[in-house]
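Single-structure report; data block below.
Going in written order, the chains are labelled A, B, C and D, and every chain counts its residues from 1.
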Amino acid sequence: MTEHPDLAGLQRRLTEFAAARNWQPYHTPKNLASALSVEAAELVEIFQWLTPDESAAVMSDPSTAHRVTDEVADVLAYLLQFCEALGIDPLAALAAKIERNEGRFPVPGSGKHPEA
Amino acid sequence: MTEHPDLAGLQRRLTEFAAARNWQPYHTPKNLASALSVEAAELVEIFQWLTPDESAAVMSDPSTAHRVTDEVADVLAYLLQFCEALGIDPLAALAAKIERNEGRFPVPGSGKHPEA
Amino acid sequence: MTEHPDLAGLQRRLTEFAAARNWQPYHTPKNLASALSVEAAELVEIFQWLTPDESAAVMSDPSTAHRVTDEVADVLAYLLQFCEALGIDPLAALAAKIERNEGRFPVPGSGKHPEA
Amino acid sequence: MTEHPDLAGLQRRLTEFAAARNWQPYHTPKNLASALSVEAAELVEIFQWLTPDESAAVMSDPSTAHRVTDEVADVLAYLLQFCEALGIDPLAALAAKIERNEGRFPVPGSGKHPEA
């Protein structure tokens, strides 16, 4: 790992990883979406009993920091595999979404979270 | 959008977007992890009654394709904001995870999904 | 509804409801578990940007109270249908779990949540 | 356990259990909703790589059967504690929902799942 990994390269490595282990039959979009949601829940689990302040300090404990980072990797891994299975470009999807949101949520906000 | 967006640039735009609307007080790591899991569930919802074959064909219906792509964007948006809040590099996290998994799951697999 | 509904009676009505609409082919345990998790996420969504204090006051707004109560019903509905599909008695399962937990978490606790 | 447990009795035992361990400060509605969704995801995890047929047969393996039953108990436990915290009657909520759904989904269905 001499240079910083890029998203497309990681996505390719995940695809090769699953192919080499014959996991593709399990990797239907339906199953990958479930797996993504399970990993997201494992991230939530770390925070479920914490106060907002405690939640902001999780990275100061090395073992919790490792656990959080690991769950982030799992969420991203399944998101990329899901996108690969369906031919979705996640970066283009997000760019388009941000542009739409700039229209939906004009700037002079009151501070009240409009998504709530 | 003349060139392809990159992850770091999108993460920056999301941060500016939230800051311009004074949403940071809501964006604790705990809340962002919850929001991420909610968006992942909205992706699952699209697939919940589909057979494996139907799930592989979701992109052939333009309106479902749009909905799936939109949820992918939402999941990625909250994942990037979560990482920004805690100083996590998602690409480095995933690269490290792939390397660990190459040790945990040696290649000559039987075809049975070992994560199951 | 002259008397208070009981769990077994509601479970029966849910089974008849699904059968009358020919929904059983969709109601595999796998799909019902997904649907349960989607409904649980819809409950989380109501709380995702709230402070702990705001979350304790959700029932004082009639429209939010209705939404919360409705999601509770959805979670319970899918849980009962899941149990029906697999022949699980949810009350016996919970009674057994409480007994095990009384052994796992002895009373003179320090106030720190041991599940965390 | 000489007689079959009832929902109200189990809910009372859960409340006493948490009170005896001073867990109430952690049991905000927001946190309980998160915990509920995490347990629902643990149920999903059991099924995530299974085919529909395999998912229907999970109870034939004693260790998987125990795991499934245990997760059902956890989901129900958090649902009851959530309802207790907010003063919601889950059985009345479900009875009302079934009545509304009988209006929303008239019987002579085509077999296509209208919730999808």
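In the analysis below, contacts are C-beta pairs under 8 Å (C-beta built on N, C-alpha and C of every residue); 3 or more make two chains touch, one makes a residue touch a chain.
Here the structure is a predicted model, which means the values were calculated and not measured.
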*Comparing each of B-D, C-D or B-C with A-B, which pair has over half of its contact pairs in common by residue number?*
C-D
*Higher C-beta contact count, A-D or A-C?*
A-D
*At what distance in angstrom does the C-alpha mean of chain C lie from that of chain A?*
27
*When the C-alpha atoms of chain C and chain D are each averaged to a single point, how far apart are the two points in Å?*
3
*Identify all positions of chain A at which a residue touches two or more other chains, and write them in rising order.*
26, 31, 34, 37, 40-41, 44, 47-50, 52, 113, 116
*asked:* Looking at the complex, which residues from chain B come into contact with chain A?
replied: 1, 4-7, 10, 13-14, 17, 20-23, 25-26, 28-31, 33-34, 36-37, 40-41, 43-44, 46-47, 50, 52, 55-56, 58-59, 68-70, 72-77, 79-80, 82-83, 85-88, 90-99, 101-102, 105, 107, 109-111, 113-114, 116
*Which residues of chain B touch chain C in the complex?*
26, 31, 34-35, 37-38, 40-42, 44-45, 47-49
*So in the complex, which bits of chain B are touching chain D?*
34, 37, 41, 48-52, 113, 115-116
